[in-house]
Amino acid sequence: MRPKIAVHKFSSCDGCQLALLNAGEDLLALSELVEIVHFAEAGYLDDEAEVDIAFVEGSVTTPQEERRIRAIRQRSGRLITLGACATAGGLQALRNLADGEQWMADIYPHPELIAHLPTSTPIADHVPVDFEIWGCPVNTRQVTGAVRSLLSGVMPRVDQEKVCLECKRHNSVCVMVAGGQPCMGPVTNTGCGALCPSVGRGCYACFGPAENVNTASLARRFQTLGMAGAEIGHRFLHINNGAPVFNGEGRRWLEPDHD
Amino acid sequence: MIDSREVSIKVPVLARVEGEGALEMSIRNGVIDQLRLRIFEPPRLFEKFLEGRSYSDVPDIVARICGICPVAYQMSAVHALEQAFSMQPGPWVREMRRLFYCGEWLQSHALHIHLLAAPDFLHYHSAIEMAKEFPQEVRRGLKLQELGNAIVRLLGARSVHPIGASVGGFVYAPAPEQAAALLGRLRRAVPEAEALVHWIAGIELPDEPEAFITVCLRHPGEYPMNEGRIVASTGLDIDIAEYPDYFREQQAPHATALHSHLYPEGVAAGGGTPYLVGPIARLNHNLDRLPAAVRVNLDQTGIRFPSNNMFHSALARAVEIHYALLESIRILERYSLPEVAAVAPTPRAGVGFGATEAPRGLLWHRFQLDHTGHVQKATIIPPTSQNQARIEEDLRRSLAMYGLDRSDDELRLHGEMVIRNYDPCISCSTHFLKLRVERA
Amino acid sequence: MNTEFPIPHEAVIVQRIEESPDIFTWRLRFTDPAVHAAYRFMPGQFNMLYLHGVGEVPISIVSDPEDDRLYDHTIRMVGRVTRAMAQLQSGDHIGVRGAYGNPWPVEQARGKDVIIATGGLGCAPVVSVINYVLRRREQYGRLVIMQGVRHSADLIWRDRYEQWARLPDTQVLLTADQSGPGWPFRTGLITRLIDEADIDAGNSVVMMCGPEGMMRAVIDDLIGRGVPEARLWLSMERNMQCGIGHCGHCQIGGQFVCKDGPVFAYPQVKELLGVKGF
Amino acid sequence: MSRRLYLPRGRLQLLIERLSADGYRCIGPQAHAGAIVFRPLVSVDSLPKGLGDAQSPGRYRLEPSRGERLFAWANGPAALKPFTFPARETVWRVKRDAAGRLAFGETEQDAPPLAIIGVRACDLAALALHDRHFLEGAVPNPRYRRRRERLFLVAVNCSHPAATCFCRATGDGPGAESGFDLLLDELEDGYLVSVGSERGHAVAESLTLQTASDAQIAQAAEQLAEAAAAQQRRLPSRNLRDSLFSNLEHPRWTDVAERCLACGNCTAVCPTCFCHREVDEPALDGVGSEHLREWDSCFTRDHSYIHGFVVRAETRLRYRQWLTHKLGSWHEQLGRSGCVGCGRCITWCPAGIDMTEEAARIAGGGPP
């Protein structure tokens, strides 16, 4: 019996699902190995089915999504989050730091007609998550790798080392040491292949925090590069602003006396 | 019997629309009483959290509005910001941005045609199912999609949320060897793009001519992507900065999204009307900007543009795939390393506008910045919110013509097909929202 | 084969024995008869076992080196690789490379008393040496087996201990830090067993495995009783990737557990044993 | 050392051509992405003419330097390590057939002969250490050996050490003494050439070089002495084994952990760090799998993970492992310190931690 899989979308940009839709031949190969039962973007629509593996993209931002994720959890064997939105609340979790209601009113003439929550929260705030895949977006290698592991009867490998190590494996020249550019690599989770430094720009932490990070030391380093407090804060309050270690560091630098 | 039927069709998840939406409609006494395209996409409030951010963060942030057309968001944004800073990054950057955009058109159009539209037309649930009987066609589609991704990767290191675009140009210039290798792959794919146009043209589709207003960019010398004036089939021809004078979005009380309307005589004069943006609009207005090879290939199909049949939108996409491929080849044939890949911006206070042609149509940005280059106010009008009113109008008309006496399933499938013509990318709708349904 | 650059050889699981709900034993044979015939090991050495597409883990060899039909591994399911290994059945294939590391000092111990001290859950590395001594009973003096577990419920292979206890010249002492009802053995730390054990400090070789804190305590006690440091042996565990002293993961100070150990004479690791961080 | 020869700068290209003709792929230092890095070299024109490097803790900048010199810099982020011990490689492959049988296969050991020009004394010292680690144990690594054997090394004595260099203190530079095929001293308008191997001899012969003058030889010696004298940094002693291990609870370990990012940059740029991990990359279909080896670092959690327990969970313990290994337990393992004084871990530390200072504070009994 091929395992059944589902891909669900919550509040997101759809970029993570593209890890599958852009997989080309691998997408066809995957459809032989598993039975895709729900994946709206690819035309599979059985939201109610029991599945062995559920991939979830997106964060929870509406009452309906709150209910839906609980129902999905109940009929899914393993639940795996895909990407920054599902794993840390996404870029849109920036609203959690502000007056989200005021923001709504600034954009919509009738915000009261829109069913929404004041916050954008990761899936794990609502239901237990079996495995998290970080990235904004996640890439095909990560997702097919996870599927392969599960097919082999093991959980995917957790790798939380820092981008720096991969950056050096690629023999890229450090943009912070040699170029004076701020780089989040020393606190960011590996997985992207250290893309940004490989093309000469600093990492902006789209893969979330690595293990055992020293955000305070990195922030001090940014200061020596001549950055103002708010700019330093924004480095941490970016794609993965909802990740607790980034959130805490970022907010510290946004406080007025920190400039 | 028909007259006495009361039907309410709900499509809880609209299959194969990127993002999840729903269509609700009720038919009373043989006429459509209510029709709503419901979008479940919750607001992600990008315009608000851009406020206070440095201009240099903007390309990375706006990309996250849509994973399928991040390049479009980046391009509208950098053009708007550069206009605010009164800077011009020069010919190399200009050409590379065009190439970047070609990659996105190729990728997005190929994805739409093969994973979304063609399975519809040929009655399959999915492309994967379709691949069993059309293996060559699906593989060709996947290959063109991958070529588009490869172009985006050349300039952006990855295809979704690429990291290469910056205000002032690009973070890096690709190595000539990489450009040359990609050029070879693109050249080999030309016959496939030509064949794709014929394949799509050969699929039998409803012939439903109708009158609709089209809006897109028009450039004096080229098929529009990053630059041009905004034109409409009403004869409108304005600078992109004048957009707010002629277009307005409203949160209509019955509607589920902000609907954009065009006011041909200016917003003040009233008389707003739905309009279409996207491939058909672009092709209808810019046929004379296509290279001969693209036009000859299209002519051979026997289908003529300008077209007023919305079911030609997949064909228009195929034609644009052909065009984007040839345009990429043209650009890459002349590729050389620039002196610098980006001009360093000098921030200053001001307002800038950017309008580019996203795969799904006109994408309009306005940024107001302070003297340090931090965003004070951002407005982003994506193509899907512009097409929204048009889709509902089209649904009402097309379903009535199709015959409201059809079974629920048939109506649903037809409705889906109509919607699909617009390729509504629901995630990218910074304005789309779900309203509580009010029922009479 | 031990010095050839390591690529696994295919081996077949001839038999799978369920030892407890989370411990199983594999009886293996290399599928290539020439490889099988050339394969040599000693008690205390380990193999790197490879699960297809998943990874490798170091596992001690528990069978007797002179049994050349099959060789055995007893594996506890703990994580990614071992849990998936538990799913394999007899007839399935894995990869094996080895044998690696330094064995127990079975030569030094010949003619002497052998004291085994283990702590924690089922200590595979010493099973091999117990079996080795029992098979060659006449070559060794007394055999004293001391085993401590955290909780009485953690003890596995109780019947095996009871069986050993019935053998001549063999003393088996068990203790649990905490015991539940029906526990006939001692309660308390393993060092308390040493008083009961009949140890001839001048004529014993001690072999240990288990938590480093426990080994430290036993060592201190035995040194106090006059056992020479060089007669104290311990088997250590560290993360291991290559098994041949190249990858650097298993270092404890200057020692590589994979090639300088896993069985060490106490003086080799004395300085850093139990020091947090090494 | 044998007879010293002289090669005018204008004829340096001949060396590249000769090596290429002998079947070597030439690699040489070039300015790239803001640093000196080794890249494929076809023409002397690509060498970093008129460039120097300014290095300090956490900072590296290329700077213009006067004159025609091509080697008036100290070093870049990577030594020879990426060529001899690549960051990632497949060590074996396996295929599983429908019956579940496994077929293991070695990967083809395709190491093209490389000629590397511009190698520093510290790089050679590090290479000698890797040779010992990978080749002189019970199980030599054949892939390393093959790459190593096919390496032609043209060393250049350091005339412009960086502020972070301390090879004089470790005894590994600034002049190279062995381990090269050819050795150059760069003078104002050419190169003093010394031969270090048979192969080097053959190449030098074919270039029909002049004999170096006494003045040129004296000039090179003086330049080298100046380079040595210019170095300010040093370590408390060449063997810190005991002084480090007797200070395992020194408060400075906690202090450095507050600054350390535990990012592993120091270990990656270190020419002697050898830690690596092994991972499997299975194909999606579950038939084939590649077993890879890739650089690891003692600054990662997984480096010291054993089931249910991380031996070095905190940065303090990771930094201590690194320094006590590098300057301490290397002596037990390979008979000398693992530090060759190249200064890379100081320059390329994003937090600007200077290991010579940390070592002095901890092992030298200085203030915490």
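Chains: A, B, C and D, in written order; residue numbering restarts at 1 for each.
As a convention for this text, a residue touches a chain if its C-beta (ideal position, glycine included) is under 8 Å from a C-beta of that chain, and two chains touch if they have at least 3 such contacts.
Treat the numbers as computed from the prediction; the structure is a model and nothing was measured.
Engineer: Point out which chain occupies the most central position, where each centre is the mean of Cα atoms.
Structural biologist: If we average C-alpha coordinates per chain, A lands closest to the whole-structure average.
Engineer: Name the two chains that are joined by the greatest number of C-beta pairs in contact.
Structural biologist: Ranked by contacting C-beta pairs, first place goes to A-B.
Engineer: Report, in whole Å, the distance between the mean C-alpha point of chain A and the mean C-alpha point of chain D.
Structural biologist: Those two chain centres are 37 Å apart.
Engineer: Starting from the mean Cα coordinates of chain A and chain B, work out the distance between those two points in Å.
Structural biologist: 25
Engineer: Report, in whole Å, the distance between the mean C-alpha point of chain B and the mean C-alpha point of chain C.
Structural biologist: Measuring from centre to centre gives 65 Å for this pair.
Engineer: How many Å are there between the centre of chain C and the centre of chain D, using C-alpha atoms for each centre?
Structural biologist: 40
Engineer: I need the residues of chain D touching at least two other chains; which ones are they?
Structural biologist: 279, 282, 286, 296, 302
Engineer: Please output the residue numbers of chain B that touch at least 2 other chains, ranges allowed.
Structural biologist: none
Engineer: Of all residues in chain A, which are in touch with two or more distinct other chains?
Structural biologist: In chain A, residues 148, 152, 157, 200 touch at least two other chains, as defined above.
Engineer: State which pairs of chains touch, listing all of them.
Structural biologist: Once each pair is checked, the touching ones are A-B, A-C, A-D, C-D.
Engineer: Show me the residue ranges of chain D that touch chain A in the complex, using the header's touch definition.
Structural biologist: 32-35, 37, 58-62, 76-78, 82, 87-88, 258-265, 268-269, 279, 281-286, 294-297, 300-302, 313-315, 347-352
Engineer: If we count contacts the way the header does, which residues on chain B are in touch with chain A in the complex?
Structural biologist: Listed in rising order, the residues are 12-20, 40-49, 52-54, 57, 60-61, 64-68, 70, 107, 111, 115-116, 119, 124-129, 131, 138-139, 142-143, 145-146, 149, 157-161, 163-164, 166, 171-172, 250-251, 253, 258, 425, 427-428, 431, 433-436.
Engineer: In their complex, what parts of chain D are in touch with chain C?
Structural biologist: 91-92, 94, 96, 100-106, 133-134, 137-142, 245, 248, 274-280, 282, 286, 289, 291, 293, 296, 298, 302-308, 311-312, 316-317, 320-321, 324-325, 328-333
Engineer: How about chain A: which of its residues touch chain C in the complex?
Structural biologist: Contact set of chain A toward chain C: 148-149, 152-155, 157.
Engineer: What residues of chain A sit close enough to touch chain D in their complex?
Structural biologist: Listed in rising order, the residues are 26, 29-30, 33, 144-145, 147-148, 151-152, 157, 159-162, 164-165, 168-180, 183, 185-187, 200, 211-214, 216-218, 221.
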